[in-house]
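Following are the structures in question.
Both of the next two complexes hold subunit A, though its partner changes from subunit B to subunit C.
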Partner chain A sequence: MKYFVPLLITAATVVLIAIAWVNSGGMERERMRSSRTSEEAVRLLLTQAQARNWDRAHALLANASDVEKSAFVADLAGSNGSLLTFANLENFDLWPLHKTDREASMRVKLHYSTAVGPLEDVRDLKVQHEGETWRVVWPTTTVARVAPQVIPVNYLRWDIINRGAEDDWGVQNVDSPQVRILSMNALQRPDRIVIVGEVVNEDTVPAYVNVGATLLRPDGSTFAQESSFDKISHTLLPKQVSPYRIDFPEARMNQVKSVRMDVKSLLVAASADPVIEVSDQRLQTDALGKNLLLGQLLNQSGQVVNIPHVVAAYYDDSGKVIWVSDGYVDQALLPQIPVPFAVDLPDDVAPKVHNYHVNVNYFNVNRS
Partner chain B sequence: MRLFLASVLIPLALMICAAAAELRAPAQVTAGKSFSLASTGNGKGMLYLTGPGQASKRSVMLGDEIQIRGDEVEHAGRYTAVICDSGNCAATHFFVRAAEPAKVSLLVHPSRVRVGQPNAISGVAFVFDKFRNLVLSPTQVDFKAIPKQGAAVAQTRPTQNGVTWIRLTSATKEGPAKIGASLGKVSELRVVQQVASEACNLRIKPDWNGGKFFAETEPVRDCSGNAVSDGTVVSFTKVDASGKTTVDVPIKRGVARVQMPLKGNAKILVASGVVTGNELSVEGRQ
Partner chain C sequence: METTFFRRPIPLAAILLLAVVVHGPLLLMELPLNTSYDANLHVFFASHYAHHWFDPWNEKWFAGFSQTTYPPLAHYWIAIFSYVVGLRMAYMLVQMIAILLLVAGVYRFARLFVSERAASYAALFTVFLGTVAFLVYSAGQLSTLLSASIYLLALPYFYQWSRTAHWRGLVKGVVLILVAASVHHVTLLFGSFLFALPVLWLALADRGERSVFAVLGRAVFFAVLAGIGVGVVLLPYWIAILKHPIEQMPIPHASRSNFLLNINYAINYFFIPYGAMIVAFPAILWLGSANRRLRPLLLGFWVAFLFGLGGTTPIPKWVFGRAFEILTYERFTLSAAVLALPLVGLFAEYLLDRYRSAAVAGLAVCCVLTMGLALGWLAWSPFKTLSSLNVDQVTDFLNRDGHDKYRYLTLGFGNALPKVSTYTTANSVDGEYNSARLLPEMTRYGAAQLTSAKYFGTAGMESLRAMLKHANNYGLKFIFVHEPYYEPMVAFAGWRKVETYDYGSVTVWSKDDVSPARPIQSDAMPAPWEGLLWGTLPLGSSILAILLALLFPDRARVRETVVEFPAPTEEIYAREAR
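Up next is the complex of A and B:
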């Protein structure tokens, strides 16, 4: 009897460890250790990456000697405080594209969960048959490094001294910046009403801007209220224009009589640095048939931009804003190193697009 | 008969008794100044004094002049004094008006204004005494606007119910303008930043430097010739064989300048806010 309780505890511990191992994908890893098919090879590699077992994942590559481990890790898990460093690879989908006895091509869709919502990444991977097993040939990339140099930064910075609590009555505060909604266009989408447009900071100081909209019923009562949330560049320098988009899920135009727009602005401390160039912008259809606006971001300043956010406005031939799309870039912007971006565009909107304008917003880890 | 006498004489006696202590206040009382209440009756009584922001109680001798200290009537408004003597009370009301004007508060709006805007600046002055009571009697307030350059403008305005105001047109030259209001020796000063208006005749020019192409604006000014503030964003858009390139560049030392790689012939456009500039056609160099 005196051995019963210790034995029971030991048995329970073993059972719990086994359950945890199975749940963490251990069974699947063990089953695929051999990688007898190209699909198993990709699954094994991505399962190791999912478990952040980077040594093992890197060792599984067919071209491990050609791929820097740090570059491989940065490719899948991010670096320099980029969005992927705050993300987890939740799961992935695989499609075989092409296969022979010696090699195969697989398309993989990686599903990340990030601090700003789900993120998908589609890649085409080459898989080689070596002896009895298949191995993934990882695209050879190197970690982008900036040459040691001095980049003089002398752009403006605005700081604010607000009215103090001990100041006498009548001592004025500094006014909020003057901002104006340049345009507003309400669109009926299949599952929602979308309001798109542009807002400008007309003042000579930076503004933190948020645009809100209220849908009103025919009797004048409020039907729904939403704000642009992250589909806007919140911090606008003087005379800077930002697109905005406000979504009303499951709303229909016939339920609404009018829309009341509201723009709020706050005076904020800001810097004119960094300047981000958006180059090689073009509309294109990708391999999956999706319409994309592609381009490159180039950080012209000397500081790292951790999480770039692209907000694009699309105009028809009369200059009216007909759509606004946005997307987070999963790589950090190192100084002077171009990083590609892509934001998607609905199929029915793409043929009407006559012009577009890309705005780059950013979030820095060490900046409040 | 006995009942009749009781029902008439007892209330009469009470009335006489109640009227025994009376209280009279002066017609006008000034905030912070001592004064006295005239009382009738004899013996000891209790004085209750209530007014805006204060209440007090003390025992007094009836029939004497009751002194009210200046610090008991510092707030302007309606006061009530009640005097009670063994259950009988008498009350009087009086108004305390503000003392001499001693302070002016100035509200100026906005803190930033574009140049050449008619009646865009408003200055509102409130006149107070030393106890922060609004002085309701008409008082002359001297307003003064001192631009960065040029002569100061002065105007005198009387207050109505303690308030007076002016409206000013912003100057045609940028820079801070001091708006002041004075009242005797006291004065208040505020600063309004007059800023350049929208860019006018926004123009860019090409600049080749060390084999690299730069697009640079001419000094960006508004239609009155004022330099547009540094930090104002100028958007450059280049369209060439590689696609479209956009850079939002803040003005630095009066101009906005950006390096743009060229592939063949390119068209470069410039805009700042809602203002567009000239279009530049450039040919790439090998």
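Up next is the complex of A and C:
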């Protein structure tokens, strides 16, 4: 017994630890440390990127000498305060597209958790067989650069003189700017009621706008209350129009008698700069059959725009807003360099779209 | 009569004094409030009781939650002391008492199994135990430590009653169990299996001429009486838990991980809590298996050890099933260490007999290294707490100009949130106590506090997004941001930056169209009679325990029941020690 019990306890502990090690992915982790197959090579690279072990990840590339480390890091983790710099690579899926003895092509879906919600990025990667191992060939991208130049700023800007340093924000002795809901359209979607429309700032000063909606039951009581949240441009310059969308998950039209709209506005300091040009807009179906509105954003100012946000309104042939969709762009807008964007559109709405209008919001790290 | 210092037990009073000398200065520096995860949470709970003794409904978190979801005794004592020395020092005082009771508890528990000398060494090592330093200064688990201490003090009475049917053992034991449960029910629940079974085994082994069934019968009677008592004393807790069982999505916790896959977790949950005791593991195994009376202790240690390893073995998952994802496992390390201490005391006895001064030096170095490592880890650990964040300007903002008419949210404040909540009159939709969350914006996602949303990835950010979407419903107007990571979401959602503190490290954001907060109706609100019970019975049980200890001292009686060790029939496992 003197020897048996210690040996039994030790052996049982070792066995239990081994079982848990296998169950919790220890074997898989060991496999991920090798790159004996094309899949393992991509996994290894992305695992290192996930751990932000950039030196190791860069060294794993087949074309490490052709790809600058900073460009590689910027590609996966963002740069210039872009959305990807506010993101973590949570996990990824990969599947082979084709494979030979010498090279293979893999498609990876990167799942990021970002500061504004989840973000997915699909990429096709080429993998090469070199000796005993496989290595990923990272696409070399030339970073667009603009020649040094002076960009004059002559856009309008509105400042506000407050009553004093102790004054509470929002406590103003001036009338709120005149804003008006231009249109409102309630739609029944499979899993929700959606209210879309447009709001305009009719005043001669900038306004900070929030649109809310309350669904009322037949007896007049409140059924649900929601707001446009991030599906709107909150800051509206004089005469500027913004689309908005308000979602009521799990609500059905037959539960509701009417909708009460509520728009709140506040005088704020604002500037027409930076101006972001939207060009090359087109509706297109991608390889997976998804309807998208594609286009390019061009920052015409001299400042970097860190996180652009696209809000698009779609109109039918009578000019009625029939849908509003939005999307965050994961690259920062550097001055004068075009950046592509894409926002999706439901299949049943796409055929009815006659026209569309794109608004661009932005967040700047040092100016919010 | 043994006259050599090396062969005499260390007086318990001297060990308690040493505990005061070692931990006193650290507590006077209020270290737990600046370095630990949960200390501020306990202060927050206590602060509520200090202001609303008989009303456990606390509006300050989750738009209202019931504090009957957490046993209150430690918090009530902090509240009592706070009237004299303030909340912060009151916490330190209760923490010091917990450490002293643990030392005394380990001594009395060890005394059941080993000689007075070995028990005194066990108590001495408790002062320097890595897991104690970890729980006090890093985890801030006051309740776990205090409850375990009181439970250990109850066990000798359980032994006494089961073995000799002495009524004083029954009364004192049951009352102490009620006190332990009033401090922390979970510790008591697991302690019942890990600690009580070895003691029951011992009572059976030491029964002499008495019948096995009589001993077992008395043990069952004790358990039933204690069970009924706990049921009554914590009645509002049971009502709350039955009304709202924990059905929220599991929240990740590092103690459930496989430590082999993450070296930092291994250091945090294994090397730091056990410290130099790891070197003694072979001796624990050897001594524990060499003597029949010590085998239950060894078995208890092994089971607790396996639980303490979290996901490093499959045992906790097999045993707890779905509850595996709700529990945290660092508390089992304390159980394992305490169960091992009598054996470690025995081992120290052997070393001192054999190596004298060298053993003293070696053991002293081990003690200092173990505690030093645990304290050093507070600085070296990658798991930094934000308890020391200066929140004065935040509380000033909330307490002025009627800002407390609205609810607020902190982002990136980590465990400094309870500090804000303690000292402001405003209410928040967030909170640091996961079990009390009932708002769907929080329970539907596998994330804990909104203030730390980013650490829970997509689940955390989606939970935050859901809450911000319903800001108008909750009267959520002000957001304090300590990490710029959260600024994009807050800005795109319609909040605007209004103030900046601490050279930009904290920014205040406000949303204009939010109406003042209104009370959120909840069926979790306890009835007035529950508040009355909550404010009297747990504290009453502790006062009764103190009175029993003062009016019926039992020092001499305990000595009478001590069983000689090693038992004469057993073989000698360490000849030199005789």
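Here, the second predicted complex is superposed on the first by the 320 of 368 C-alpha atoms of A that agree within 3 Å, B and C clash if a C-alpha of one lies under 4 Å from a C-alpha of the other, contacts with A are read in each partner's own complex, and residues count from 1 in each chain.
The rule we apply is simple: contacts are C-beta pairs under 8 Å (C-beta built on N, C-alpha and C of every residue); 3 or more make two chains touch, one makes a residue touch a chain.
Since this is a predicted model, take the numbers as computed values, not measurements.
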{"item": "Partner chain(s) touched by A:21 [first = subunit B, second = subunit C, both, neither]", "value": "second"}
{"item": "Touched partner set for A:308, first subunit B, second subunit C, both or neither", "value": "neither"}
{"item": "Contacts of A:5 with subunit B and subunit C, given as first, second, both or neither", "value": "second"}
{"item": "Comparing the two partners subunit B and subunit C, which touches a greater set of residues in subunit A", "value": "C"}
{"item": "Contacts of A:327 with subunit B and subunit C, given as first, second, both or neither", "value": "neither"}
{"item": "Touched partner set for A:226, first subunit B, second subunit C, both or neither", "value": "second"}
{"item": "Which superposed partner A:210 touches (first subunit B, second subunit C, both, neither)", "value": "second"}
{"item": "Contacts of A:241 with subunit B and subunit C, given as first, second, both or neither", "value": "first"}
{"item": "Contacts of A:197 with subunit B and subunit C, given as first, second, both or neither", "value": "neither"}
{"item": "Touched partner set for A:174, first subunit B, second subunit C, both or neither", "value": "first"}
{"item": "Subunit B and subunit C contact sites that coincide on subunit A, given as residue numbers", "value": "168-170"}
{"item": "Contacting residues of subunit B [partner subunit A, same complex]", "value": "105-112, 126, 188, 190, 193, 195-196, 199, 229-235, 242-250, 252, 258-261, 272-274"}
{"item": "For the subunit C and subunit A complex, residues of the former touching the latter", "value": "257-258, 260-261, 282, 285-286, 288-290, 295, 298, 302, 305-306, 309, 311-315, 401, 454, 457-458, 460-462, 465, 468-473, 484-489, 491-494, 496-499, 510-513, 571, 573"}
{"item": "Footprint of subunit C on subunit A - complex, ascending", "value": "1-2, 4-6, 9-10, 13, 16-17, 19-21, 23-26, 29, 83, 86, 88, 90, 111, 113-118, 168-170, 208, 210, 212, 225-230, 232, 234, 262, 264, 266, 268, 307, 309, 361, 363, 365, 368"}
{"item": "Touching residues (chain side subunit A, partner subunit B) in the complex", "value": "154-156, 158, 168-170, 172-175, 182, 200, 202-206, 237-241, 272, 275-282, 295, 300, 356-360"}
